[in-house]
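Same chain, two partners: chain A is paired with chain B first, then with chain C.
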Partner chain A sequence: MDNTLKKLPPKPVNYKTRTIHWLIAIASIVIIIWSFTGMDFSGIKATAGQIAGAIISGIFHPDWSYVWNGSGEDLISQLWETLCIAFLGTFISAVISLPFAFWAANTKHKKWYASRSGKLVLAVIRSFPEIVLALMFIKAVGPGSAAGVFALGFHSVGMLAKLFSEAIENLEIGANEAVIAAGGSKWNIVMFSTMPNLMPALISNTLYRFDVSVRSASILGLVGAGGIGYPLIIALQYRQWNRVGIILLGIVIMVILIDWISGWIRKKLV
Partner chain B sequence: MSKNTDHKLTELPKKKFKLMNLVWLIVLVGGFFLSVNATNAHISVLLDPANFGQFTEIFVQMCHPDWSYAATAIPLLIETIKMAVLGTVIGSAVAFVYSLLIARNIIKNKAVTGILRFIMNIIRTIPDLLLGAIFVAVVGIGPVAGVMALSVFTFGVVVKLFYEAIETIDPGPIEALTAVGANKLQIIHFAVMPQIITYFISYVLYAFEINVRASTVLGYIGAGGIGLYLQQTLQVFSYDKTGMIIIVIIIVVVLIDYVSSKSREALMK
Partner chain C sequence: MSEQPMIQLKNVTKIYGNGTVGLKNINLNINKGEFVVVVGLSGAGKSTLLRSINRLQDITEGDTIIDGKSITNAKGKNLRMIRRDIGMIFQSFNLVKRSSVLRNVLTGRVSYYPTWKTTFNLFTKEDKQKAYEALQRVGLADKVYTRADQLSGGQQQRVAIARVLTQNPKIILADEPTASLDPQTSRRVMRDLKMLNEEYGMTVLANLHSVDLAKEFGDRVIGVRAGEIVYDGKMSETSDAVFKDIYNGGNGKEADDE
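And now, the complex of A and B:
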């Protein structure tokens, strides 16, 4: 009698789910081991540790003279350009996203293929690599921030329109029905029920996308589409670690600030 | 008099004027014009027939992909997926331990969690390709740089989601185990883990989706994977081959997205 209290009863066993779990676990381990094969870890440069140390010491001893020298090639003006690219890119994509979102939203009075096809188009836009889009625009409008703006503007549609369409799907139809009951036209429904209910979600999603765009804009420069990425890759190539340090610091501070501001606005919206 | 009220009823009541709305509108419009000036991105630049013609020409060439090139692209595609898997595994393994260290309901010391969270927030801000560029400079050109970049990036994605999930768990089991005198590891094993392991797997799958996308372009800056061919074909202007690679990338990304989101749905049921 005493023994039963100290020993827990055995767990109930469901053999079917247990086998399935084991199979999934074995499959994942096989995939992980397979990934390790053929990965050439000996290819690491012998100086790797030294360079990593140099970059870290560069972050702690940044090149302060680069922050502002009035030439337009300094950190502040490059960061400002990056911000502008992100802002304009998000602005354009928000405008383009709206019709796409209504197309892809799975609402009741709609044939099933309409929203499916819209969702597929958005998936393809999302998967089209941003860098390639940026390069195509560079070919069209020349290197510079304009190419970055257009690339961001078109690429963000994939994600933003998906978020918008989910917001539309989550709308309550009560307000629409109320407008119809009062004799409102289709235009009235959009103006007085859909848009006001949708607005907070749209703004919040757009702000979220702006956060992401700021990050994207800071890498577009790596391929020559304007912004802070270009001076960074130049500094990396010329091994100016102090400059790499200050640029990284600048990007981190900018992103944290933007995240913080947009988070604050989003909190006020809800 | 009655006529007057009837007239008023057919009209909509006037909306209250809010000053803040006006301020936001000014910020928006002002920001728009400022950005247009700063980036010189006038729509006329894009719609200029010469420029737009070039864009469509590239696009049309991409739409006639060189199918024979697919065979060349497959080995690097496999390398890309391997990179994504490794990056996800390494990054999420580190994130797992780290999230337990920064969850305030497990580690009660505010100073420790505060400092560790600060480090995490800084790592999270650096975008994937930037990490790629830095790691290429550090360890040299090749997939190892890509794996490292993806690991750090995955860490940032998973750790944020996971520690928030840990903090929302039911405190009852933790209290129960503390009451019977369990140590920290036992609490984590018997009270925390059963509640969050499905969330963790779901976040790892989500990170894997992002990593597959990211790894396809990492090669462009020399961090291994199919992006290398992207750069090579674009440099010699053979857009038909670029088109082929993009199609392969899109197919793989959409496929992996689909499988992963379906398994996440199954997990959360």
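And now, the complex of A and C:
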């Protein structure tokens, strides 16, 4: 070998960045210690270890008899109800999201405040947590699945309309121009060019949102808005750890299945 | 017959928002049935000229008159009715890729219907037949129910031509219709445009990059440089030196573009 190839020089030492890294590390540790001192741990009971053990043992010894007993109060029926809540909520929000998306999309030939105000409204909708919405809808329509559907439907609009409007912004305007040049109206543009081009993004984002909604719907029952969350919190309160175990198992399997299926469909769409 | 020009531009000036001058005081008359080619470098203002005619872009000053009617300040339905008489062919075809060829061709008819009818796809039998006949004219009858994104570039441009034929306009603006096609396909597309010009009497105004195609198909040449018309004459009387002059900016320098 000839000696024209140089050896790798050692990494240059930069004392400034090194100091900064150390300062960040020290600050992080200080904040962690400080946050511990701000909390009151005296509430932890002496039996904590024992109960934790019972929970874990319950999860590993699930109550199989609860899976299906035909009463409509069993695991399968409750999971099905959860899925229905998620599906209806997502469907409603997809429909509501469309006009919001066109409002919030920042396209050409639009005054700047039009899309800004739309984005602001969506941000406000997004800032309401589902649980809070569910509690409000329970007061409005009474406890049960309907409250869950409304809560999910309303909350999802914030995110879904934002995703839709971004999809609209990313569309190519070429086909729109063709419709304009043929003498088409604004509505013609939407029907002939924007909607067909938007379809894959609409379906894919809606499916993704359905994924998220299934998870949310599992929790909504905790406050009484229907679905699997209600039997879960009852079982927790009565310390039926075996039942808690089977419910958790059911939720996990359902979420994974939905995740798979929607991922598979979305892949097909591209 | 040709006392009234089909397209009339009077002192048309276009200044973009950032101060760039797109068109400088253009005066131009184009008569019915002409096949006019516009040549010039990229950025000379060819596209701006065409897009000002059907107001895909608004002009800053002047007046554009289409078949006796001013489009410059037309609004709403009035504007759409004028645009109905002006078909357009684009460099990138601008088909709706996910829709069928038939639906793309029918897009040319939208301005003949009330909006709610087109929304529910209520095109008449005659119009569907008309669309199918237009596809036969460009040799794509067998593709009528195919999705547009499954066609080659040349086929897509011919679908666009069928769309314009179905629109049945008096004028066709072709904005570099062949720029993304190979030479053979380009010739086929230009032949279809010529067919619309000769058989249907449509006035064609086409931007072209290729001098060869311009010479083969154009009756009249308009040279554009830096937003101004620097040449306007019959193709038969236009020498190679004129083309060279249009492209080289009249200062003897070779263009570094292209």
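Operating definition for what follows: the second predicted complex is superposed on the first by the 229 of 270 C-alpha atoms of A that agree within 3 Å, B and C clash if a C-alpha of one lies under 4 Å from a C-alpha of the other, contacts with A are read in each partner's own complex, and residues count from 1 in each chain.
Keep this in mind: a contact is a pair of C-beta atoms (placed from the backbone, for glycine too) under 8 Å apart; a residue touches a chain by one contact, two chains touch by 3 or more.
Everything quoted here is computed from the prediction, not taken from an experiment.
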{"item": "Which of chain B and chain C A:K11 touches, first, second, both or neither", "value": "neither"}
{"item": "Chain C versus chain B, contacts on chain A by residue", "value": "B"}
{"item": "Chain B versus chain C as contact partner of A:W187, first or second or both or neither", "value": "second"}
{"item": "Contacts of A:L236 with chain B and chain C, given as first, second, both or neither", "value": "first"}
{"item": "Touched partner set for A:K111, first chain B, second chain C, both or neither", "value": "neither"}
{"item": "Interface residues, chain A side, partner chain C - complex", "value": "174-175, 177-185, 187-188, 191-193, 196-197, 199-200"}
{"item": "Residues of chain C defined as touching chain A within the complex", "value": "54, 56, 80-84, 86-88, 90, 92-99, 103, 107-111, 115, 118-119, 160, 163, 167, 173"}
{"item": "Contact footprint of chain B on chain A as seen in their complex", "value": "31-32, 34-36, 38-41, 43-45, 48, 51-52, 55, 80-81, 84-85, 87-88, 91, 123-124, 127-132, 135-137, 139-141, 144-146, 148-150, 215-216, 218-219, 222-223, 226, 229, 232-233, 236-237, 244, 248, 251-252, 255-256, 259"}
{"item": "Chain B residues within the chain A interface of the complex", "value": "31-32, 34-36, 38-42, 45-46, 51-52, 54-55, 58-59, 79, 81-83, 85-86, 89, 121-122, 125-130, 133-134, 137-140, 142-144, 147, 213, 216-217, 220-221, 227, 230, 234, 242, 246, 249-250, 253-254, 257"}
